[in-house]
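The following pair of complexes shares a single chain, subunit A, combined with subunit B in the former and subunit C in the latter.
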Partner chain A sequence: MRSRLNTLFDALLPVFATLAALGVGMIMLLILRVSPLEAYGALWEGAFGSTNAVAETLVKATPLLLVGLGICIAFRANVINIGGEGQMIVGGILATQIGLTFTEAPGWLIIILAMIAGFIGGAIWGGIPGILKAYFRVNEILSTVMMNAIAVQLMNYLLRGPMIDPTQLEKASKIPQTARLVESFRLLRWAPTRLHIGFVIALVLAILVYILLWRTTLGYRIRAVGQNPHASRYGGIRVRRRMVTALLLSGAFAGLAGAIQVYGVNYRMITDGSASGFTGAAGFNGIVAALFGQLHPIGTIPASIFFGALLVGANKMQRVVQIPSALITALNGLVVVFVVSSEIWRRRRQRQRLAFARAAEKDDAPPPSEINPSAEEASTS
Partner chain B sequence: MNFEIILHSGLATGTILLFAGIGAIFAERSGILNLGVEGMMLLGAMAGFSVSLSSGNAWVGLLVAMFAAGILSLAHGLVTIHFQADQVVSGLSLTFLGTGLALVLGEGLTGQNPPLIPDVSIPLLSQIPFIGPVFFENHSILVFVGYLFAPLSWYYIHKTRPGMHLRAVGQKPSAADTMGISVYGVRYFYTFVGGCLAGLAGATISLSVSPGWYSSQTTSGQGWIAIALVIFAQWNPLRAALGGYLFGAIRRGILDLQGPALLFGFANPLYVNSNLGFFLQMTPFLLTIVALVMGSRAAARKRLGSPAALGVPYVRGERGH
Partner chain C sequence: MADTPYAVEMKDIVIRFPGVLANDHVNLTLQKGEIHALLGENGAGKSTLMNVLAGLYKPSSGMISIHGETVNFNSPKDAIAKGIGMVHQHFMLVPTQSVTENILLGLDDPKFIMNLAEYDKKILALQDQYGLKVDPTAKIWQLSVGEQQRVEILKTLYRGANILIFDEPTAVLAPQEIDDLIQTMRSMVAMGKSIIFISHKLQEVTAVADRLTVLRKGVATAEGIRVAGVTREKLAELMVGREVVFRVEKKPQKAGDVILSVEGVSAENNKGIKALNNISLELRKGEILGVAGVAGNGQSELAEVITGLRPCTGSIKINGEEVANQRPSKAIKSGVSHIPEDRTKVGTAPNLTITENTIMKNYGDAPIGNGWSINFTEAREYARGLKKAYDILAPSVRTMARKLSGGNLQKVILAREISSSPKMMVAVQPTRGLDVGAIEAIQTLLLDQRERGTAILLVSEELEELLSLSDRIAVIYEGEIMGIVDAENADINEIGLMMTGTKRSEQ
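Right, the complex of A and B next:
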C-alpha cells in the first residue's frame, strides 16, 4: 500500500512542479501589475477554448513531441543534444528541396521521400557532433549549440539566395521564403483546422521509440551506455558508436519535425530572419517537453501537448493582457527547475527503501518475493 | 582591412568573453557547471540597459546587472547544491528562465538611449606607437578593467589561500570538507561570482561595446561561446583572456572581409553578393568548434582535465567523492 502511494506521488511530482512554476508565474504577473486570473484565463481560453484552439495546440505539440522523442533517445545515452533547432532547419531544407525539385511526381511518393530527406538531414546535423564527441572528445552540448547557429545562417543564406521564392525576387520586401509546395504534396489536414496527420505520425513514432528503447538490443545498448559507459565497454558494447547512434537518431527526429513543419503547416520553408523564425524554438522546447515527460517517449506525449498549449495560449494572453509571450519561455525554465529539484525526494525515498531492504536482508533473509521488485528496479535505474 | 582597427575591436569584443569566461571558470573551479551563462548575460544586458536608462547613471546600471544575474545564478546554486539536481538540466532551464525574464522585462527598451560607460584613453601609454592606439586609446573603461581583472583572477586562483580552497572544493570536496572548508558555502559563493561576471559581460555589451537592446540578439550566443572558451582555456583565466581577445579579433577580421570591393586584386565575391555574408556570420561558431577540437585534444594529451568534481553534487558521507 505504501509503495503504491509512493508511486502515485512520484507520478504526480511533475504536476506539483508545474503548479509551483505557475505559482511563481503568478507572482511575476502581479509584479507586472496584471491580474493572474485574467492572464491564466486567457491562456486556458487560447489553448483549449474552442475546437480550433485545441487543434492549434496539437499543431504546436507535434514538433515538440518529435524533437522530444529524439531527446529521450539522446539523454538516455547520457548524450545531451541541444541541437534540435539546427537539426530541424537542415531537415526542413532538404525536405523542401525534394518538393521543389520534383513537382510532377505523385504526392504520396514525394511526401515519403521528403520525410526521409528530413530524417537524413537531421541525422547528418546530429551525427557531426556525435562523431566529434565520440572520437575527438568535443563536448556535445557546446558543439550542438554551435551547429544551431551555423544552420540558422545557412537557412538565412538559402532562403534569401538560391532557394528564394521567385515571386519574392521581384518584390521589394524580399521575404526569406521558398516557393509554395504543390497542393498534392501537402499532408492530410482535418479541415477547417490546421491539425494535420503529422500529429498522428508523431504519436505512432512515440510508441516505436518506446519499443526501440526498451524492447530491442540497440535500445538496451543505448541505455547501458548512458548508465555506465565503462561497464558497457566491458560488456562488449561499442560505446563510441552507440553515442554517435544516439545523437544521429536524436537529430533525425528533429529533422523529421522540420520536414513535417514544412509539409503539414507552412507548405513552404519560411523564416522571419530571427534564429527561431522557422522552428518557433521547438528545438529547445522539445527538450523541455522530454524532460517534463521524464525522458520517456510515452510521457513526452502529454508533456508536449502541455507545452504546446502554453505556447498557443501565450499568444492569446499577449493579446488580452499585453504580456509578452516570452513569459512562457521563463515559465518553461521554471517548470524544469522545479521538476529537477523535486527529483531529490524521489531519490531520497529510493535510498530509504534500499536501506530498508538491505536491513531486512541482514536481519533474517526474507523470501525473495517479499522484496519489492519495483523498488529494486528503481534503485538500479 | 586595417590591422590596427581589427585588434582594437578584438580587445573590445573580447572583453565580453573575458568577463563571462572567467566567471564560468570561477564557478567550474568550485565544481558547479552553469550552462545558463547565455540567460544570465541576457538578463544582465537588459537590467544594465534598463536601470541606466531609469537612473541616468551607467555605473548603477552595471551594478544592478551584476546583481540581477548573480541572483539568477543563486537559483542554479540552490537547485544543484542543496537539491543535488542535474547541473546540465538546471543550467539549461536557467537559460530559458533568464532569456524569458529578460525579454519580458526588456519590452520597449529597443531604441532608447541611456547613458553609456564612457570611452577613455590612458594619457602616456597611448603615445606608444602601434601598441598605444591598439591597447590604450578610446577603449571603454571596462576594457581596462579586463586588462587588470584577468591576471588578478589568475593570481587569486593559483596563489592565494581562498583560491586554493576554491580549487580544493572543485577537485576533492570530501578532502576540503575534512579540512574544515564549507563545500556548500564555497560553491554558493563562486556560483554567485560567476553569475555576477556573466551579468557584467551582458552589461558590457548593452552599455559599452555594442550599445543597445536588441532582445535576444543582444548576446547572440556569446554566452555559449564563453562556456566553450573555458574548455579551450583549460580553466585558466589568462588563457581565457587571450582566447577572448583572439576570438574577438578574428571575428572582426572576418567580418571586415565584406568591406572592400577588391580583394588581392580580384573582385570580392562577398562584396558582389551580400548574401554570402551569412557564411561570414557562421564563422565565429565554426571557429568555436575548431577551438573545442583543439582544446579537447590538448587537454587529453597533457592529461589536463576539468576540475575532478565538476558537475558532481556533494553529499557529505556518501561514497565516490
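Right, the complex of A and C next:
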C-alpha cells in the first residue's frame, strides 16, 4: 500500500515540480505588477484556447517528441547526446536536397526518401561522436556539442552558396535560404491550421521506440550496456558497438525531426546564422522533454506536448499582459530547473527507501559513514 | 610497564556490524620503537581494527590508550592529533599536483600565500632524516608506485605522526621497492617511531617485524608474540586455522577427459603489472579444481583470461578449441559459464529486473528470443521457473536485482549460469559474504554440477571450502602456481605455506 503511494507520488513529481515553478513565476509576475491569474490565463488560452492554438501546440511538440525519443535511447545506454541541434540541421539539409534535386518525382516517393535522408543525416552526425566515444574515449558531451557548431557553419555555408535559392542570387539582399519545395512534396495538413502529419508520425515512432527498447534484443542490449557495461561485457554483449548504435539512433531521430520541420512547416531551409533559427532550440528542449517524460518514449509524448504548450502559450501571454519576452524564457528555465531537480530528489527518495529496506533485513554491514557519522566528512576533507 | 607506557594499547576491542562480529575482544600493544606485524587472511578483521585506531570507526566496546593516555577518537582528525598516521594501500594523492602540494594538502599552514620553494626545502630536510628520496617539485603522475608511496609516508611524517600504520604496503610494490621500504621502516623505528605493519605475506613479516599479532575471523589467535621464536609453519597454521565448520557430502568420482587446458599463460592486471606468470593447468570433466591463494595473487585475472574478458599470451583450449583473446561471447558459446567475483558490478545489472538478469546469456535463443525480438512473457515464465527451482526469495521476477540480498543475488547468477548446461564453469568466490544457509545451498549446487560432469574451476579464499569441494587444489602466489595437491589428503599447513610463497611442493 505504502509502496503504491510512493510510486504514484514519484509519477506525479514532475507535475508538482511544474506547479512549484509556476508558483515562483507568480512571484516574478507580481514584481512586474502583472496579475498572475491573467497571465497564466493567457498562457492557457494561447496553448489550448482554440483549435488553432491546440494545433500550434502540437506543431511545436512534434520536433520535441522526435528529439526526445532519440534522447530516451541514448540516455538508456548511458550516453549523453547534446547534439540534437546539429543532428536536426544535417537531417534537414539532406532531406531538403532530395526535394530540390528531384522536382519531377511523385510526392509520396520524395517524402519517403526525404524522411530516410533526414534519418541517415542525423545518424551520421550522431554516429561520429559515438565512434569517438566507444573507440577513442572522447567524451560524447563535448563532441556532440562541437558537432553542433560544425553543423551550423555547414548550414550557413550551404545556404549562402551551393544550396541558395536561385532567385535570391539575382537579388541584392541574398537571403540565405533554399528554394521552396514543390507543393506536392509537402506533408499532409489539417487546413487551415499548420498541424501536419509529422505529429502522427512522431506518435507512431514513440510506440516503435517503446517496442525497440523493451521488446527487442537490441533494446535489451542497449539498456543492459547503460545499466552495467561490465555485466554486459561479461554477458557477451559488444559494449562499444551498442554505445555507437545508441548515439546513431539518437541522432537519427533528431535528423528526422529536422526533415519533418522542413517538409511539414517551413517548406524550405532558411538560416539566421544560428542553430535555433532553424531548430527553434528543439535539439535542447527535446532533452528536457525526455527527462520530463522519465526517459520513457510513451511518457515523452505528454511531456513534449506540455513543453510545446509552454512555448506557444508564452507568446500569447507576452502579447496580452505586455511583459518582456525575457520573462517567458525565465519561466521556461524555471520549469526545467524544477523538473530536473525533482528527478534528483526522486532518486534520492528511492535510494533512501532501499537503504531502509536493507537495514530492515540486517544482513549487511552498513557503510562506515553510518557507524561514525563524522568519519566520512573528515576522511574526504 | 608503568615507567614506559605502550605507544598504543588496544584492550578488549569489540567491533560489531549488524550481523557480523568483525573484531572479538582483540588486544594489541605496540611498544615505542618497534615494528609490530598484524597478520591474517583477507576479511580477518585487520583493516577494521586499524580503522578504529585511525579514528574511522568507533569500537562497540573496548579501550584504546596512546602513550598511556586513554583516548576516544571521534574522527580521523582526533587520531592525527595524537600522532597516528595511516599509509593506505590505495594512495590518496592528486595526480596533477606536485609532491609538496600533496603533502601540504588540507593543512592550515601555509595560510594564504603559497611559497612553495620554502616548503620544498622543509620537505627535503624531512626526506634526509628518513632516507625517503623523492623530488618535491615532481608531479605525482610522473612518479613510480614506490615513489608515490614515499609521498604518502612523508605526508604522515609531515603531520607529526610517530605511530604509523602501514596497510599492506608491499601489495603494490616491485621486489626492489619492497627492500627499500623495509630499509625505510627500519630507519624510522631507529628514529623512535613505532610502526604497525598489516600483511599476509609471511616472508616480509618475519624479515621486518619484532612482534606480531595474528587475526583469524575477528579473533586474535596470537597476541604480541615475538617473531624470533616462531616458525613459518606455525604462523601459517595460526593464520588459516584447521577447524572445518561443516562439510557438504561429496561423492567419490573419477575425472573424465580434459575439458580445459591452459598452457604458458601470462597476463597483466588493470594497472599493467604482470598478474599471471606462465600458468599451466588442466581441468577434467566432472572434476573440481580449487584455486587457493590470498586475494590479489592473480586469481581474478586467471578467471577473466579463461572467460575471454582479459587479453593474455599463451594458449587456452576448451575441448581442443583455442579461446584465448577471443570475445567473451566465444567462451559463452563454447559452453563456459562464469560466476564472477563481483556480483553487483559484473554478475548482474542492479537496475534491471530478475527476469532481465536471468536471460542475460540466452536472450537470443528460442523460445525467449528469435534473434531480434524478445518474448518477455516467455522470459518471465523462464525466470519464474528458475526462481522456484533455485529458491530465490523475491516478491516477483519483476523485482529489480538491486533489491535482492547477497545470497539471493548469487542464486540468480548461479541459476543463469547452471541452466545453460555448461561444459565448464569458472566460479570465483561463489560463497563470499553469504550466510551459512546460502553457502551450503550454493556449495551443494556446485557439487551437483560436478556429478553432472561439469568441469569446475573454483577460486576461493576459504580453505575449508576448497578442501571440502575440490578434487585437486592449485595454489597460486604472485601469478604463479606454487603446486597442485590432492584435496583428499592435503596438508593444510603446506597449503598455507605455498599461499604465502614460501615453498613449492614436490610434484
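The rule we apply is simple: the second predicted complex is superposed on the first by the 324 of 381 C-alpha atoms of A that agree within 3 Å, B and C clash if a C-alpha of one lies under 4 Å from a C-alpha of the other, contacts with A are read in each partner's own complex, and residues count from 1 in each chain.
Throughout what follows, a residue touches a chain if its C-beta (ideal position, glycine included) is under 8 Å from a C-beta of that chain, and two chains touch if they have at least 3 such contacts.
Just so it is clear, the model here is predicted, and its values are computed rather than measured.
**Student:** In the overlay, work out which of subunit B or subunit C sits against more residues of subunit A.
**Tutor:** Between subunit B and subunit C, the winner on subunit A residue contacts is B.
**Student:** Tell me the contact category for A:R223 with respect to subunit B and subunit C: first, second, both or neither.
**Tutor:** A:R223 contacts subunit C only, not subunit B.
**Student:** Could you list, by residue number, the parts of subunit C that touch subunit A in their complex?
**Tutor:** 17-20, 22, 51, 55-58, 74-77, 106, 307, 309, 327-329, 332, 338, 340, 342, 345-352, 356, 359-361, 363-364, 369, 371-374, 376, 402-403, 405-407, 435
**Student:** Within the complex, which stretch of subunit A touches subunit C?
**Tutor:** Residue positions touching the partner: 214-218, 220, 223-224, 227-228, 230-238, 354, 357, 359, 361-366, 368, 371-372, 374-375, 377-379, 381.
**Student:** Within the complex, which stretch of subunit A touches subunit B?
**Tutor:** 28, 32, 80, 82, 132, 136-139, 141-143, 145-147, 149-150, 153-154, 156-157, 160-161, 274-275, 284, 287-288, 291, 323-324, 326-337, 340-341, 343-344, 347
**Student:** Under the touch definition given earlier, write down the residues of subunit B that touch subunit A in their complex.
**Tutor:** Within the complex, subunit B contacts subunit A at residues 35, 39, 75, 78-79, 83-86, 88-90, 92-101, 103-104, 107, 216-217, 221, 224, 227-228, 231, 273, 275-276, 278-279, 281-282, 284-286, 288-289, 292-293, 296-297, 299-300.
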